[in-house]
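Presented below are the structures under discussion, each in the form of structure tokens.
The same subunit A turns up in both complexes below, where it pairs with subunit B and then with subunit C.
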Partner chain A sequence: MIMLYFLLLPLIVVFIAPLLRPKGATYLSSAAFLIPFFSILYCIFKGCPAEIHLMNFAPPIGEIYLNFDFISNAFGLTICIVSAMVALFALPYMEHRFEEMELKVESEFRRYIFLYDFYAVSMLWLVYSGNLILLYVFLEITLITAFLLIYSYGYGNRKWVGLLYLIWCAIAGVLTLAGFIIIAFEPLNNTLALSGITTVGKLAWAFILVGMLIELPVLGPHIWLPWAHAEAPTPVSALLSPLTVGLAGYVLLRTALIDYSFIEDYRMYILGYAIFSSIYAGFSVFKQTDFKRLLAYSTVSQMGYVLVALCLGPFGLIGVVIQYMSHAFGKSILFSSAGGIIAVHHGLRDLNKMGGLHDSIPAISNAAVVGFLNLGGILTVGMLGEFFILRGVVDTFLRPESPSFLGWTGSLPIILAVIFMFILSVWYGFWTIRKVFYGKPKDTKRLEISRYFYVPLFIIGIFSVLLLFPPLSTMLIQGLNAIPGLGGVVP
Partner chain B sequence: MELAMMLLALAILTLGSVGSFKYRWIGLCTAIVALVVGLAACRSLYYGVFIFAIGIINLFSLVGIRSKIKGVDYGLVGLMALATMYIANTGDFALVLAALVLVSVPTYILVMVREGGANVEVGIKYITFMVFATVLFLIGAVILAYTKNSFDGLLYILGYVMLVMGLSLEVGVAPLHEWVPDVFTSADPIPISIIASLAKIVPFFAALWILIYTASTLTSSITIFTAVLAAISMFTGNIGALTSKEHARVLAYSTVANMGYVLTCLVVVIKPTPEFIGFALMGGLLMLFANAAGKIGFFNAIKGEGAYSPLMYLLAFSFIGVPPLMGFWGKFFILSSLVKVGLFMAEAGYVYIVVAALIVINSAISIPYYIRLASELGIGWETNLTNFIAVSVVIIILITVVPPNWFFEGMRVLAQTIGIGI
Partner chain C sequence: MIDDRIVFLLLFLAPVVSSIPIALAYKSKGWTEKLPYLSVFGIFISVLMSLYIFFVFPENQQYAYDWIPDLGINIVLITDYLSRYMGVITAVIAFFIAIYGLEYMRGDYRPSWYWFFFNLFTASMLLVVYSDNLFLLFVGWEGLGAASWGLIGHWFRDDDEIAYVGVPKRKVGPLELSWPPSFGGWRAISTIRFGDVPMFFAIAAIWVFAVDKTGKSTLNISQIEWGTLFTTIGAAGTVILLTLFLMGLLTKSAQVPFSEWLMTAMTGPTTVSALLHSATMVAAGAFVFIKVSWYIRPWELHHVPGLEIVYTFALFIGLISGLYGALAASGMLERKVLLAASTMSSLGLMFAAAAASFWIQPEPKVAAGMNVALLVAFWYMAVHAFAKASLFLVSGHLIHATHSRFLCGGIEFAKRMKTPFIVTIIATAFLVGIPPLTAYWVKSMMDEVKLHLFHHAMETGAIHLAIPIILLILTSLVYSAILAKFLSLNFIKGEKPEHEHLEGGGLMKLGYVLMASVLFVLTYHIFVLEETEGFVHAGGEILSIGVGGAIFIVYIAAIFKPRITALSKLGTFFNDRMYLPFVNDYILPKTGFFVSHLVQDYGNRGIDGFFNTKVMPGLFDRISKGIRTIQTGYLKTYIQIVLGLVMISLILASIGGMWI
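The block that comes next holds the complex of A and B.
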């Protein structure tokens, strides 16, 4: 029950923080996410009740409860640390943005912090929702709060971009809802409580998959993402890209854990599409001239990993969880770095005007390197993610007992494509670092920058490295392995 | 007892209207008292409370307008609210039709209300359409009732079509929506807020009641007619609203779209039906309440030249169908009923799934214009009547933050009155 109070804490702070001055509100918001962060860590090490009952609803909605398994804890842990750190980063950034927009800093900050906290806390509650209707409610709150933040404080044609984001993601959300409703009316289910759902029909799966492919997004319906991520105020980009889009992966993971048959039936199509999407978006990164837009394309590429992992059986499903975490850590650092550059270098986003920025802002530059290490899966938790994805490939296509066994000759193209996908991330990562932070500096003068711009990023970076090593990694992986459908057990 | 209390409420209303010729405030006070008495007589409390709240807000919105019939206009709104409450109490065919007429006729006068005079031109246009609509509806209903006792397939289809056409004309379902943009843009926003809110509930309720009461084996074949009308209405409304600039015109087309959503509730009336109807009834009513709250808020904001911005956004999000606001639950239960009947009908159920998909698509199309409305009508806080009304309607749409399990329970009573068990 104590976990319920820890989750309620940030929800209460949503309404208290706007009453305080910017600094107080920021610290309070950050603390409100750090406290559940530590409580989730405690849960991971010491264990806690798997479910907390909230209320019963008439069929077909069924029981509404909070789900505290290791999947939710892994997602929750990530959301808490990223939200807490980005809240700190946002203090000088948003003050600077309000001044730039000629708004009253103090009164506007109240509105901003309300929306920010509400946005972050709705994601946190989403991953703990034990009922699909509750999950959908938080999915939509996430969408609306992010939309309002983009609409109010974004860059460029922010109103148009906000609407673009809202329309695409609303379509995604409602398609998913249609899938949920079909699940609810399956005679075997007659409920939307995760614990009571036993089957997901093909029609429901198709609705959910299409909806979540728009939200994820993959190549094709990704049109909204580069605009939304590039034009959103940077703290919002630093939640939108790392946390929100990956939640589509969470929804697909939960659906896959209930009924994996759809993925088994269409595995090769989805896998092929995911690998193509990831590689195409990876190459698109090289074509970008706007730093935030570049990061947005990297998100499309990384979300391709999530979809690839989803197709790769029990080990791949662990890969979905770890990949979400590593991408979230990496991308929150990178978007914050982009924000730091914008704030310090007066709106600088054009890659052609960058180069050698390490000389003027070494702290941000170093943080960005850690960010790209996460994306590339080098010496961070991303390494574990890539391990499980490769393990999934081997387990699915090379294990003779597997129904999708292809043998060496059949599976070699898949293995090579997946490895190339990984290499591409490292490639564009180091290419970007060289282009932005190294090379011939335009200005060698070292600038004094606020600690808020880099300390939170290093904290995320350190945590992402710690997660690679025991005891954190072992506890997390053991916990995930114990969930039926993940790790050793075929779902 | 219920009937006696309703009669008492009507008597209070009549006396108040007479008294209001001398002191106008008497009209307002007696209308409120009559609504309280009416609420006490309501068999389904949740339904009654919502109608009561919408009625009271409509009454207070009239305070801001100095019309020639000041005082009597309160009586007319009171009468509409009482008829809307009573329709959920009765299982009598004649009284259902009487309630329809009692809600329809006061709007003929209300539509002409404006500051210091009477908007006769709008009145004539509106009345012409409404009389035609009411006659179609009544004849359709009577034919359907006749077929219940002595079934004739051709007559049944004729009755069904006339009833649905009458309903469509009455509430503004495309392609019979021609009067809606004209009247909504040229009349005063306050009476239009009443016509777009309170006046929409009874026609739907009556149509649903009659269709369930007279459902036959032919019903499932003819529902395609209603489904097509609903689809046309959703698209016409949303595309019309997207391409309109004037606020009242956007809201007029939004009404056309919303009526399309609600019309899909009638699509699920097939025989035998109870379990689908439960969701359809609940979804339809929540949709109508959300539509009423939103329209009152927006039209009052037009009248008051803007209202508090966050309130406008909340109303817009409710219309779009963002959970946990009321508009979402309306669409959710309508979708649920369609999916359920679609799965039940197996191969023949694809029509219902297609209609559900059309609702989904149309919800997305509607996003830009609702956000534009909220953005253009939203201003800073001022303590005035417009914001008081906006706060009141926002409270209504926020009630469903508590998931409307309770409303479902309340619907059981209502369903029993209609003659179905859910």
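The block that comes next holds the complex of A and C.
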């Protein structure tokens, strides 16, 4: 039960924080996410009850409960730490933004912090929802709050971009809801509680898949993402891109855990599409001239990893979770460092005007390096993610007992494509670092910048490194591995 | 005896932890001047621990600690023959270079960055050396990649010509053959990543298929039943798996065609080049190849289809790289780049020697039952490490003293720079294989190994195996010439330097004198150790004496005539690395950016136009306009609409009626 209170805490803070002044509100919000963060860590080490019952509804809605398995804990952990740290980062950033927009800082901050907290907490509750209808409600709240944040405080053509985001994600949400409803009326299920659903029909799967592919997004529908993530106020980008889009991966993972047959039937198509989408987006990165847009394309590429992992059997599914975490850490750091540049260098976003920025803002530059190490899976938890995905490839295509067995020469194209997909992230990552931060500096004077701009980023970075090593990885991975349908025992 | 956990923790963590204070104190000038001593002390602890492991820990002992035990990913360390020696070599070399760096890097503009990555580099290599678990090894491996990126691009401002590689503004065709440090860093990590991910895949595949003696799944190199593994995955599997694994090693060791990054890596501080070239990074590739072959025991697996293909491939890649590197160096005039090309050549010889183990059967009475091909590869690595590190450190001192990265300095200069002069003589002479100096014994054994392949070729008709001995001798001769040229153009026959800045250098001299003195220790070892007895015998063979004599003649000749002007065109061709930069700097980036252009300017723009900005919004516009025009309020319009609807329903009804 105690976990319920810890989860309620940020929900209560949503309504208290607006009463305080900016600094107090920021600290309160940050603490409201850090406390659940530590309690989830405690859960991971010491164990917690798996479910907390909330209430019962008549069929086909069924039981509403909170689900505390390791998948939810892994996602929850990520959401908590990122939300807490980005909240801190946002304090000087948003104040600066309000001044820039000629709004009254104090009163506007109340509106903003309410939306921010509500946005973050709805994501947190989403991953603990044990009922699909509850999950859908929180999915829509994240959509609306994020829309309002973009609409009110975004850059450029913010109203148009906000609407664009709203329309695309509303389509995604409606399709997913249609899938959920079909599940509910399936006679075998007659419920929307995750524990009670036994089968997901092809039609329901198709609806959920298409909906979540728009939200994820993959090549084609991906086109809303660069707009939204580039024009959103940076703290919102720093939640939108690391946390929100990946939740589509979460929904797909939950669906896959109930019924994996759909993926097995259409594995080659989905996998091919995912790899192509990821590599396509990876190449797009090189042509961007706007730093935030560049990061947005990198998100599309990384979400391709999630979809690839989803197709690769039990170990791939662990890869989905780890990849979500490592991308969230990396991308929140990167968007925040892009925000740092915007705040310190007076709205600088154009890559062609950058170069040699390391001299003026070394701390932000170094944080960005940690961010790209996360995306590339070097010395951070992303390494485990890549390892599980690669193992998924081996298990799926090279084991003679697997239904998709292709043999070594037969699966060579897939192997090489996945390898290239991973290589590309490091290529564009370090290429970007060089273009933005290194080279001849225009000004070698070191700027004095607020600590809020880099200390939170390094905390996320350190956590992402610690997650690779024992004891954190020991507990987390073994916990994930023990979930039926995920991983498996190595004989 | 100290608890093994503490020993290993100190060994790996002392360098990293001791460099964190300086990383945090980056803003304070006072602290960043004092804290490097702490970082060096951290490496010194590693030296003590590696020596402790060498002298106290039992040999061939495995130490396992839990990481993710359910999945077979564990912290498993091993004290086998290779890691015991290599650990000490790595730690000692890093420590000597660190001492040198205290002076060399004084007054640098970002000491925090330098010391943090330098120590991370050392710790990563130690992890690679001692780990038995492939995943753990890969963690160290990635640490090497990340740290090398940081160090090569250390002078990120690209504002100092002394840190460039190539002659500024020199163009060949569309390509400018000059590379700044920030580019060097990027080139390094992008090339290395190109090999690392395939290697990571190979490790994942090993994770799935490898079993130990009891049939349990394992990732520990020493426990895997490699023969069973290869039989399970078949010939195609073996070739693909090992080739992907080798990709990681070949890129790390800068073998052709992945050698370009090593040349542009010379944009880093000289201390970095010294460490990179001797005991870490490039050595890691060859080391892991030796280590894995040590446990694969390919000479016992001749029945496994596919294995011979892989070892032949490695043999020839190594030999070709050896010759390519030596030839390229022969045309070079930049101090460090010349040494870099020669390193690549040496590494090629190590790969080739280790790959030859496939055809060499170890005899119980020789070399303590070890495979001499692997043993000789390893000992060559050891000798090369100390000699090459000394040479790099000398170059660094010369660059400081002359403000030039090009070869320069005559006999007058040498008289004023006696210590570096003597160290250069020792390091070059000991490394090229002049009898009876250290490398001679090792090279002699290498000749023997290749001679064995030659006999094998004559007996079995596998005629390609007759080539290695020729390539090896050719490479050895060119190699001797390039190091003699390095000596000559720096101290004997070179032009007079424009600047001479000879004060100080105490700690730097200490660094390379210590480094070079180890070469004597190694010679002593070769004579007393049981397993290297064969080296001494090989030194007495007629072929070895002949090759050694030829090497000596070439060495002396090159000292007296370091430049042959008649061949300057050929020299330029070699200096331009036989135009390999065109692949790396022109073809690949052009292709990549062309794809990016297609994807962005047609793909993304097209999709954006369709969904967001033009087609779909336009369609909605038109529909909504259409609907709005209906609502004009004129009765005529509504009558038309009603009549139209009636017509349509009539038509539908009649079609329906006919159909029924």
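Everything that follows uses one rule, which is that the second predicted complex is superposed on the first by the 488 of 491 C-alpha atoms of A that agree within 3 Å, B and C clash if a C-alpha of one lies under 4 Å from a C-alpha of the other, contacts with A are read in each partner's own complex, and residues count from 1 in each chain.
One rule holds in what follows: a contact is a pair of C-beta atoms (placed from the backbone, for glycine too) under 8 Å apart; a residue touches a chain by one contact, two chains touch by 3 or more.
All of these numbers come straight from a predicted model, not from anything done at the bench.
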Joint occupancy of subunit A by subunit B and subunit C, clash or fit
fit
Figure out whether A:399 sits in contact with subunit B (first) or subunit C (second), or with both, or with neither.
second
Quick one: classify A:177 as touching subunit B (first), subunit C (second), both or neither.
first
Tell me which touches more residues of subunit A here: subunit C or subunit B.
C
State whether A:438 touches subunit B only (first), subunit C only (second), both chains, or neither.
second
Touch check for A:376: first (subunit B), second (subunit C), both, or neither?
second
Can A:45 be said to touch subunit B (first), subunit C (second), both, or neither?
neither
Is A:358 in contact with subunit B, with subunit C, with both, or with neither (first, second, both, neither)?
second
Going by the contact rule set out at the top, does A:478 touch subunit B (first), subunit C (second), both, or neither?
second
Consider the C-alpha centres of subunit B and subunit C from the C-alpha centre of subunit A, and write down the angle between them to the nearest 10 degrees.
160
Overlay on shared chain A, then closest C-alpha pair between subunit B and subunit C (Å):
5
Set of subunit A residues, in rising order, touched by both subunit B and subunit C
none
Using the touch definition from the top, list the residues of subunit A that touch subunit C in their complex.
164, 220-224, 226-227, 280, 283-288, 356, 358-359, 362, 373, 376, 378-379, 383, 386-387, 390-391, 393-395, 398-399, 407-409, 412, 415, 418-419, 422-423, 426-427, 430-431, 433-434, 437-441, 444, 446, 468-470, 473-474, 477-478, 481-482, 487, 489-491
Could you please specify the touching residues of subunit A with respect to subunit B in the complex?
55-58, 60-61, 64, 133, 136-137, 140-141, 143-144, 148, 151, 159, 163, 166-167, 170-171, 174-175, 177-178, 181-182, 184-185, 203
Residue set of subunit C touching subunit A in the complex reads 26-27, 66-72, 75, 110, 135, 138-139, 142-143, 145-146, 149, 153, 156-159, 180, 182-183, 185-186, 189-190, 193-194, 197-198, 200-201, 203-205, 207-209, 215-217, 233-234, 236-237, 240-241, 244, 592-593, 595-597, 599-601, 603-604, 607-608, 611-612
Note which residues of subunit B are touching subunit A in the complex, please.
313, 317, 320-324, 328, 332, 335-336, 339-340, 343, 353, 356-357, 360-361, 363-364, 367-368, 371, 375, 403, 405, 408-409
